[in-house]
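Look at the two complexes coming up: chain A is in both, with chain B in one and chain C in the other.
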Partner chain A sequence: MDIYQLIRFHLAGPLRRRAFKSPWAYRLLKQLVAAQKKRYSWQAAYELLLNTIDQVAAAYLQQGPVVWHNVFFPTEILYGLGLVPFAPEAAAAVAVGLGVAEEAFRVAEGDWVSGESCSFHRLAYGCDRAGYLPPPGAVVCSSHLCDAAPQSLAAAAGYHHVPFYLLDVPHRQDAAAINYVARQLKSITFSLADALGVPWDQERFQEALLASNTAREHLLAVNRLRRQRPACIRGDEAHGFIYLMLAGFGSEAAAAVYRQLAAELEQRWREQRRAVPEERARLLWLHLRPYYPTEIFNLLEQEAGAVVVFEEMHHVYWEPLDPARPFYSLAGKVLSHHGLGCMSRRIEAILAMVDAYQVDGVIHFAHWGCRQSTAGLRLLQDALRDREIPFLNLEGDCVDKSKYAPGATRTRLEGFLEMLRAV
Partner chain B sequence: MGALIGWFCHYTPVEIITALGFIPYRLLGREGNTPRADTYLVGNLCPYVKSCLETAIRQELPPLAGTVIARSCNAMIHLASTWPRYGGQGATLVLDVPRRLDEEAVLYYSQNLRRLAGELAWLGERQLEDSLLWQAIDAWEEQRSYWRGLLAARARGEICLSGSDVMAWLDGWQTCATAAGRDKGQAGSAAIEQQSRPDFRGRPRLMLAGSILPAELPALIEEWGGWSVFEDACNGRRFLLAEVARETGDPYLHLARLYLGGPPCPRMVADQTRRQQYWAGVVDDYQIDGVIYHVMKFCDAAIYDFRAMKDFCDRRGLPLLRLDGDYTGGARGQWQTRVEAFLEMF
Partner chain C sequence: MTVTAGLDLGSLTTKAVVIRDGVIAGSVVMKSGVQSEDIAWRALKAALDQAGIGEEQVDGIVATGYGRVRVPFAHHKVTEITCHARGIYHLWPEVATVIDIGGQDSKVILLDRGGKVRDFVMNEKCAAGTGRFLEVMARSLEVNVEEMGELSLAAPRGASISSMCTVFAESEVVSLVAEGRPVAEIIRGLHEAVAQRVAAMASRVGWEEPVAMTGGVAKNRGVVKSLEDNLGTAIRVPPDPQIIGALGAALLAADSKK
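So, the complex of A and B:
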């Protein structure tokens, strides 16, 4: 029984909304997870789950001021202020597992948030209006990479009558842009502290930046280990850790989980425990994956031995932060994102990943409604073709399972695998 | 005659283009489907952006010395990546536009404008003196002021202008291939203003809103019995900006304030209160009876802006109709049924 089945079983029906606000529910959940500890193939995944439950509990039980953020906002600021970060986009992925997506989509569409927009945001919107999300004390959002996030989060701030802070991120990476972003980050930090009545603690703030650096170092170690042949972790398993990239940096927990993961990978490498019995091809996965059961990874990794050896979302694109210049270095981090600015930047980063991880092919999961990731794919396709690297653009939706067509997906994946074999 | 510089988004400072001896030429796309652009940009991306790329691929544009692409939204960002390789002629210059209005944003935008001026000056092989830029600022303000005056007179009921005429004149004015043509267009519209226009008085006075409006929409609404008296769109009233105090000193700071402080676009997400105040002013000044919101397909800003408009209309007790469109001019039948039903409410 997976974790979502477990939760659905114990928190079914009308009790669900109330259960989110009950400390007993979280205690019970942690006990249930702990009872199954040995069934987790990666202890890092087990630790991540326990930490995530704690974080979710902190938000729902309002153990501190809850701040909603989008997944590209530098969360070091929120951890540094001692706030409780909550990412509605990540919550949307969890909502799929909890079986509330259908209801939430209905609510959003009934409220005129049309099906043409990103389903992560539609789902988060519906979950919020249906009363599934913990109310925020403030909302922060960065403008880069996604047009839907600022709109959707600004609407949420308006709905809850709480302050909304936008981090406006330009596309250049020069000194003027860094100054512009750094000043905004500073202003947002002190405005949040003021609005939420949180005392400024420089030491705590610097600790968050140091924790971020530690997490970055451990993630780099994980990524180095993943470059080796044969792969020791399947993409299906590694995808579960992406949550930390989106909401965990600045927390001690992220550093601990990556440390554990690096140690386990190291050990498996020494023991030559392979991800799959026979590694026939190595793949790079771009964007996210579906958060509902599909046969995609089973078909690729278990059946065909084509291992996803790296995910674009795990790419460490930024330099270490400087705790002595927190806002300036966080601005540098934000502006370093390879998806920001012209497409050639993302292409360059992807080609570097292709080389570093010695991949034989690239799969892009084209999440419906994500203009950022999908719009310029033709340029990427051309660049990969120039390098004779097989590429598959797999269209689908990360959270709306009604858009999943198993037959068509299998056909496309099988075609791609044949192409890989032919190369 | 100067060379043409293409531009898209209304946050593009045409004054800089003019001051350097170029002629700003707005790219408004074309009617019809975009099969060739669809091969370079995905299906669920802004149809206006794809329509512009289609005109470039089909070589339907006049010769352009360059194009300024304001990276104002995700679709424009991708157009900026795609344009130089698959579509555009001449140089492609990109401009970052802040999504907020405060002194930090104004300062940053002024720096970007100065950089753009440098890049355009290099393209035109000439230097841009501040005095020339001020002249261009004054010249554009004079023209915009004329248009604003015309629309204000319409609001006061002193003249009767159809929305379709206003949109057509504005489109013509923005895409005049010569400066003389633009002046002529303005003079022509002034002459038309004197002519006898169809009298729409007594019809429901409507505000049309959206990111960018298809050219045919106001005419169709008027054909079906409505009267478009205000067009809140990138190619409508927003392009006319708002009067600001003439500064002395840095012309780039003035321009940054002028553009960021104009009627806010749905993309200005940190500025939503101002957008609501702007709507409230329009409804009062133009005695609006109802609102038709055109949601451009796949425009994230418009999708959520419509939600805000709905809340606004609910509070004000204004009837609101949502029309979805893809900028191809192909939704006429569906629109007609919906608009006619909407107009029956009045």
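So, the complex of A and C:
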């Protein structure tokens, strides 16, 4: 029984909504998780889950001012201010596992939220209106990489009558752009502190940046270990840690989880414990994955021995932060994302991943809401073809399982695997 | 003597091909149904009977198509992508691009010089641009699906069909009939709409000449002509394009015996 089944079993029906606001629910949940500790194949995953429960509890129990953020906003600022970050997009993925997605989609549809819009934001909207999300004290959002987030989160701020702060990220990466973003980050930081009545604590802010740097170092260690052959962790298992990339940087917990993961990986590497009995192919996974049950990873990794050895979302694209120049270095982090600006930057980064992780093929999961970015795929396809690296663009939806066609997906994946074997 | 069989379980039809030493000895096409295993077995038996070969003489069976997973007696299961590529490579080794339009999906497959799949692209999960789409439209127009090709070739122009959603296109077709547009022009318009969609898929994968077409829709000369116009190149169509997936499956079964 996985964590989602546990919650569904113990907190079924109307109880669920009230349970989110009960401290007892989180105690019970942690006890249930702890009772199954030995069943986790990775202790880092176990720790991640406990930390996530704590973080979710802090938000629902309003243990501090809750700030909603999109997954590309630099969370170091929120941790540095001692706030409680909450990412509705990440919550949408969790909602799928908790079995509330269908209800939330219906709520959104009933409010005229177009079915053509991004399902992450549609689902977050429905969860919010259905009373599943903790009310925010403020909402922050960056404009880069996701076109839908600023509109969705601005609407959420309006609904909750709380301040909304937009970080406008230009596509350029020059000095003027860094200064422009740094000034905004500083302004947002102090505006948040004022609006939420949080005292400015320089030391705490710097600690958040140092924690981010520590997490970065441990993640780099994890990534170095994932370059080895044979792979010691399946992509199916590694995907769960992406949550930290989207909502954890700046927290001590993220650093601790990555440290644990690196230690476990190193030990398994020394013991030559393979991710799959026979590694027949190595794959790079671009973008996210579906968060509802599918056979995708089972088919790839368990049936075919094609291990997803790295995910684009785990790529460390930024330099260490400088606590003495927090806003300037955070601006540098935001602007150095490989997906920002010209497509050639993303291609260059992906080709570097292809080399570093010695992959035989690349799968891009084209999530419905993010397809505005798929025009660049032609360039990526050409670049990979030049290197004779097979590429599969797998169309689907990360959170709306009604869009999933098992037979068609299996044919695409098996066709791709046959192509890999033929190379 | 090597005898192998290929079974292609599509959404509309099930095809069986038996080959003896690389030559087609028997082939059948049957309507698919809910009992995939039963239909697959009957198709295989019919193809073997046609070839005059006993089932005990079959050295290998490969199943393909969406129903491939429901053929327990097949020795291997291979996707229709690889099977269509193998089938065409057997007929015309120089072909670089295969366009397969079947009952529920359409694909464009790029081959390397050795006949291996270099890349492929498939339609999304809706029925637009597939045999099912044309079948639904034929029913609305009260014409036989087999007649559509010839009828459309006789039309001087095609009616404009703006929707590729099967449901919306059907109501559009009904409206055009009500407006008095000749049926042949509507059919030509439908073929052009399908061809435009498939040509866009071909561009996605970077199609190259020579091009061949397989699948049941390749029997529709109107669609082939529209596709040729869209791509600006001649398209080769095998004598029985519907069985190419099953032929490829039988060849792959034979390959595995070498």
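The rule is short, and it goes like this: the second predicted complex is superposed on the first by the 420 of 423 C-alpha atoms of A that agree within 3 Å, B and C clash if a C-alpha of one lies under 4 Å from a C-alpha of the other, contacts with A are read in each partner's own complex, and residues count from 1 in each chain.
As a convention for this text, a contact is a pair of C-beta atoms (placed from the backbone, for glycine too) under 8 Å apart; a residue touches a chain by one contact, two chains touch by 3 or more.
Model, not experiment: these values are computed from the prediction.
K.L.:
Following superposition onto chain A, is the placement of chain B relative to chain C best described as a clash or a fit?
P.N.:
Aligned through their shared chain, the two binders fit side by side on chain A.
K.L.:
Counting only touches as set out at the top, which of chain B and chain C does A:E279 meet: first, second, both, neither?
P.N.:
neither
K.L.:
Residues of chain A touched: more by chain B or chain C?
P.N.:
Touched residues of chain A are more numerous for B.
K.L.:
Tell me the contact category for A:M343 with respect to chain B and chain C: first, second, both or neither.
P.N.:
A:M343: touches chain B, not chain C.
K.L.:
Between chain B (first) and chain C (second), which does A:E207 come into contact with in this model arrangement: first, second, both, or neither?
P.N.:
neither
K.L.:
To the nearest 10 degrees, give me the chain B-chain A-chain C angle using C-alpha centres.
P.N.:
Computed from the C-alpha centres, it is 70 degrees.
K.L.:
For A:Y180 in the superposed arrangement: first (chain B), second (chain C), both or neither?
P.N.:
A:Y180: touches chain B, not chain C.
K.L.:
Between chain B (first) and chain C (second), which does A:E109 come into contact with in this model arrangement: first, second, both, or neither?
P.N.:
Neither partner.
K.L.:
Can A:P390 be said to touch chain B (first), chain C (second), both, or neither?
P.N.:
In the superposition, A:P390 touches chain C alone.
K.L.:
If you stack the two complexes on chain A, which partner ends up touching A:A405: first (chain B), second (chain C), both, or neither?
P.N.:
After superposition on chain A, A:A405 lies in contact with chain C alone.
K.L.:
Can you report the least C-alpha distance between chain B and chain C in the superposed arrangement, rounded to whole Å?
P.N.:
After superposing on chain A, chain B and chain C come no closer than 5 Å at C-alpha.
K.L.:
Once the two structures are fitted together, what part of chain A is touched by chain B and by chain C alike?
P.N.:
On chain A, the overlap between the chain B and chain C contacts is residues 378.
K.L.:
Could you please specify the touching residues of chain C with respect to chain A in the complex?
P.N.:
66, 69, 78-82, 105, 116-122, 124-125, 204, 206
K.L.:
Considering only the defined contacts, which chain B positions touch chain A in the complex?
P.N.:
The touching residues are 39-42, 44-45, 71, 73-75, 77-78, 80-82, 85-86, 94, 96, 98-100, 104-105, 107-108, 111-112, 266-267, 269-270, 272, 295, 297-298, 300-301, 303-308, 310, 322, 324.
K.L.:
So in the complex, which bits of chain A are touching chain B?
P.N.:
So the residues of chain A in touch with chain B come to 111-114, 116-118, 143, 146-148, 150-152, 154-155, 158, 164, 166, 168, 170-172, 176-177, 180, 183-184, 187, 341-344, 366, 368-369, 371-372, 374-379.
K.L.:
Could you please specify the touching residues of chain A with respect to chain C in the complex?
P.N.:
Chain A residues touching chain C: 378, 381-382, 385, 390-391, 393, 395, 405, 407-408, 410-412, 414-415, 418-419, 422-423.
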